[in-house]
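Consider the two complexes below, in which subunit A is the common component and subunit B and subunit C are the respective partners.
Here is the complex of A and B:
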């Protein structure tokens, strides 16, 4: 049996706005079907530009982009038929009610799960007759999420979907993605979430890429990352001895105390530190957000 | 039974779910035949990828720890494992070997190690008895 076509395949993507420096350069990313992929990066790292290339809003200047094995420009309708997009700034016709908005958006879709729509409207306590202009940001995101989930697309593209939302709404958003979206066809429902709010997506993410200044800095499986990245704290009885700390990419010193972050090679480094009979030594794993912060602070 | 995930433990999420359910079963926090949340509700509650929970439950089912009854839900299995006795013993020997190696690394002498095993079994027995007594109230 041949391997499945990736839901998203980005190869050597390069894009620059006007004459400025490249917003994305030599960027690679592969998302297999059924996976949830995190695209992390600071503001301006190139995440939204990448998503725009997937949606054929921008054309790659070098490299290529494939969604379900198809070029989003040559097969625009076929690609868009199979995906749904929830952006950060959600825009509806302000004079339309929630009901009218959903009916309008449903009219563009071959398939629409009315039962899911009803359940989600109830769960979010939305008033179908309310005009979208008077909805709060959280409610607008909820309507956008309903519109994205009801067509039951193979791919969900989320671009900073929870920024500016209160913690309850953010949690309900994640629960809805897991329940209403993933459950329908778990092996086939693919998610790409681009965000800098990593903590709440931590449980959802299978794999991630950290993007910095247009290129991929780290691309890892989430479980492997949690195993590899370690924070080691060590205190020596006298001042810290001369040590080869080249395997640690982040070192903090304060007198007799050292704090190190490693990506792999933790046990060997701990062995070497033990040989100097430290007064105290402890290790802990890092959350995805801490990994992101540590990698983003790495000197060039 | 409430599960707690720790993203700072370095342990894969699905394994945390598997281990916590196994521990709950061993200590009586979950009783044989007692209901467990099924995959979707548990994934939503923990805000974890549904496939991660599915992987954990699949492993627990193949280990004979839980079972899914269509239309009824997920339950902790009554105390029989589908594995033959030799297979069960072999699986336990692997775990015991790991503990023996650890004891050596941590310089815990043999007699102390054996005493610790007795003590730990007693602790679990006590927990199980305590939760059974609570059930009777």
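Here is the complex of A and C:
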């Protein structure tokens, strides 16, 4: 059976702004249809630049970008018909009302789910007659999210979608809106989300890539990651013995306590630790945010 | 470096490049005046550089804070707001006054200009804080200026006799200064009480303004859930609302001026000239530049452009709609203003406008509407190449100036080639020593210098069009160097388009010059070796080029051209009618039968050639 065409396929992507250092260099990414993919990274890691290349807002200087097997440069409109984008900084025409903005955006789409629009307007408590100039930052994001979800596209590109949203709306948005969006056509609706609020998306993300300075540091399946990245806490009767801990990439000693973070090789290390008869030994899987923090702090 | 000095340097840097642009335009005006062209409003660089440049410079210090959304950061700093005001005002005053000084030197002292500068300096901050944008502030300042101009002219016409006129003028100037002081105080007060109430876009009067539209017009321009192309056009029309406001302002100004005609002793001709200036400056210049720069500038500043680009409609179509609506807006605005002015002032308005754009009706119509459309396109190009309305508007005239200079450079090089082109001479002698006949020359000349010379505008225009489409979808880079980089190819193409047509002309000219020189040289050489008194018309003297070369010293050029030629010499007499009107004919006529079947006859300083395809030479053939 032939494998489905990836929703997103990026090969060796490189982009530099002017004469500055490359914002992205040799970046690779594959997102399968129906997956929720997380793009994590510190500020300036190249997440937004990557998304802009997918949207053909920026043209890659090297490498290939494919969305549903199509090159956004050559098939710009076809690609954009199948996706919707929520930018990190949402801007609307200030003279338009929320209603007019949504009508304006709906006019570009072949399909628009009016029922979903109505429900979301109510859920977010947005007044359709309110002018967008008077909306708060969070409310603008809400309008942008409605505009992205209502056409029911095959791919949602979310760039920091929850920034500015209050915790209640944020949770509701992630759990209900995004969840409902994917459940609408499971296996086909794909999400690429770039965010700092990793914990909020923890339950949704199937795969993720951690970016740093324009390239991928780690790219893993979320479940695999939780298996591989483990935090091991050990307490010894006396001060912690000198051990070969080269397989752990984070070690913290505090008197009798030893805290280790490992990326694979956890069972072998635990066996070695057991030989020193610790008073207590516990392991726990890292959350995606902890993995992100650990990888970001990891020395090069 | 002290904190205050650092802040002042920051303010100065913020308006440095706009100041440079206005200053360059003013200096160009100076040179223009020195060249003897005194009809200021006829040249786009003259009035706008001062009358629009001053409000821009005055509005920028606070306008920049709105544009870059730094106002909340600025006002949250532990510094007295009045200190912020005074630092910005000092820097702005310095910039404005230096431009005024240059204007003064260039065009002489003008009370109106002085009052304009003082009131603008004093009121710009207030208007910027009201409009919450530079562009809005510039428009409000211009409104204020138009009101002042009408009041001043009205006073002059009402009180025509001294000393009443002097008293009235002094009173008016005093009133204007008092008004300026009040505006200065209002500006300080406005800043002291200023509240940053808006979201991301600010309460920009320019962008939120369309809310004043009510009823049918607002309904007509309201976006619908279907029809994306129409929605894009509607959005553009609304985005360009300042252009419509300026058109309205222009119409109000023209109607007010028209009303003054009915006052006793008022010079109708003067009023018509003022109306031409108002229409040219507001609709012909300001509105056309804004039409091009606003649609891109405001969208780039607010961030809506890159967001719109993510919608499933081709970027090319978006670009086309934007450009088409901008050109339509500038065209329609100007057409409305000109029509109203013509209705108010009648034929004299068109006559005075015709002085600027040519008296031929077709040329007049073409110029009146094509020049503003080109200006709009230039502004649109600048909007695509840069970021922000004001930046684009400020770039229009330097960019156009650069292209005009490049064209002039191409023409100058072409002229050089025409006059003393040794390379061309060599090529002519080597490949085609004989000029073409009139039948061939005429179309070449008409194509290069004749009515179709507008054709040579097409390549740079086409390149600029392609560039603007490409730049439309690109994220603009900061720094003016990127704009210069984009402008360079257009300037080079403009230069080539001015230079290249001169090459065939230079070729024709040099070829003609060589043949002309050879004929005259041959004629003179014949005179030296032939005894003209013994010439007989019935038995013409026959020579070959080689015979002549042996008997008389000839130039290398003549020797080469005379290969395989025969020369016939006859005495003067039986001159054809067309030659009888010419004086200084020699006592003998020399006909050279060139190797290429040309028969050229020299009659002294005159000659003409009969070629297999027509005639060539002077005097004109019969």
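Note that the second predicted complex is superposed on the first by the 295 of 300 C-alpha atoms of A that agree within 3 Å, B and C clash if a C-alpha of one lies under 4 Å from a C-alpha of the other, contacts with A are read in each partner's own complex, and residues count from 1 in each chain.
The rule is short, and it goes like this: a residue touches a chain if its C-beta (ideal position, glycine included) is under 8 Å from a C-beta of that chain, and two chains touch if they have at least 3 such contacts.
Computed from a predicted structure; not experimentally measured.
Asks: If subunit A is used to align the two complexes, do subunit B and subunit C fit next to each other or clash?
Replies: On the shared subunit A, the partners fit.
Asks: For A:243, is the partner it touches subunit B (first), subunit C (second), both, or none of the two (neither)?
Replies: Neither partner.
Asks: Determine, under the contact definition given at the top, whether A:96 touches first (subunit B), second (subunit C), both, or neither.
Replies: A:96: touches subunit C, not subunit B.
Asks: Applying the document's definition of touch, where does A:169 land relative to subunit B and subunit C: first, second, both, or neither?
Replies: So A:169 meets neither subunit B nor subunit C here.
Asks: Which partner chains sit in contact with A:287 here, subunit B, subunit C, both or neither? Use first/second/both/neither.
Replies: Once the two structures are laid over each other on A, A:287 reaches subunit B alone.
Asks: More residues of subunit A are touched by which chain, subunit B or subunit C?
Replies: Touching more residues of subunit A than the other partner does is C.
Asks: In degrees, to the nearest 10, note the angle that opens at the C-alpha centre of subunit A toward the centres of subunit B and subunit C.
Replies: The three centres form an angle at subunit A of 160 degrees.
Asks: Rounded to the nearest angstrom, what is the minimum C-alpha distance from subunit B to subunit C in the superposition?
Replies: The answer is 26 Å, the least C-alpha separation in the overlay.
Asks: If we count contacts the way the header does, which residues on subunit C are in touch with subunit A in the complex?
Replies: Result: residues 198-201, 203-204, 207-211, 222-228, 231, 235, 238-239, 302-304, 306-307, 309-315, 473, 475, 477, 482 of subunit C touch subunit A.
Asks: Taking the touch rule as given, give the residues of subunit A at its contact with subunit B in the complex, in rising order.
Replies: Contacts found on subunit A: 34, 36, 171, 174-175, 178-179, 182-183, 186-187, 200, 202-206, 223, 226-227, 230, 284-288.
Asks: Enumerate the contact residues on subunit A facing subunit C in the complex.
Replies: My answer: residues 17-18, 52, 55-58, 76-77, 80-81, 85, 87, 89-96, 100-101, 103-109, 112, 131, 133-137, 140.
Asks: In the complex formed with subunit A, which residues of subunit B make contact?
Replies: Touching subunit A: residues 5, 7-13, 40, 43-44, 46-52, 54 of subunit B.
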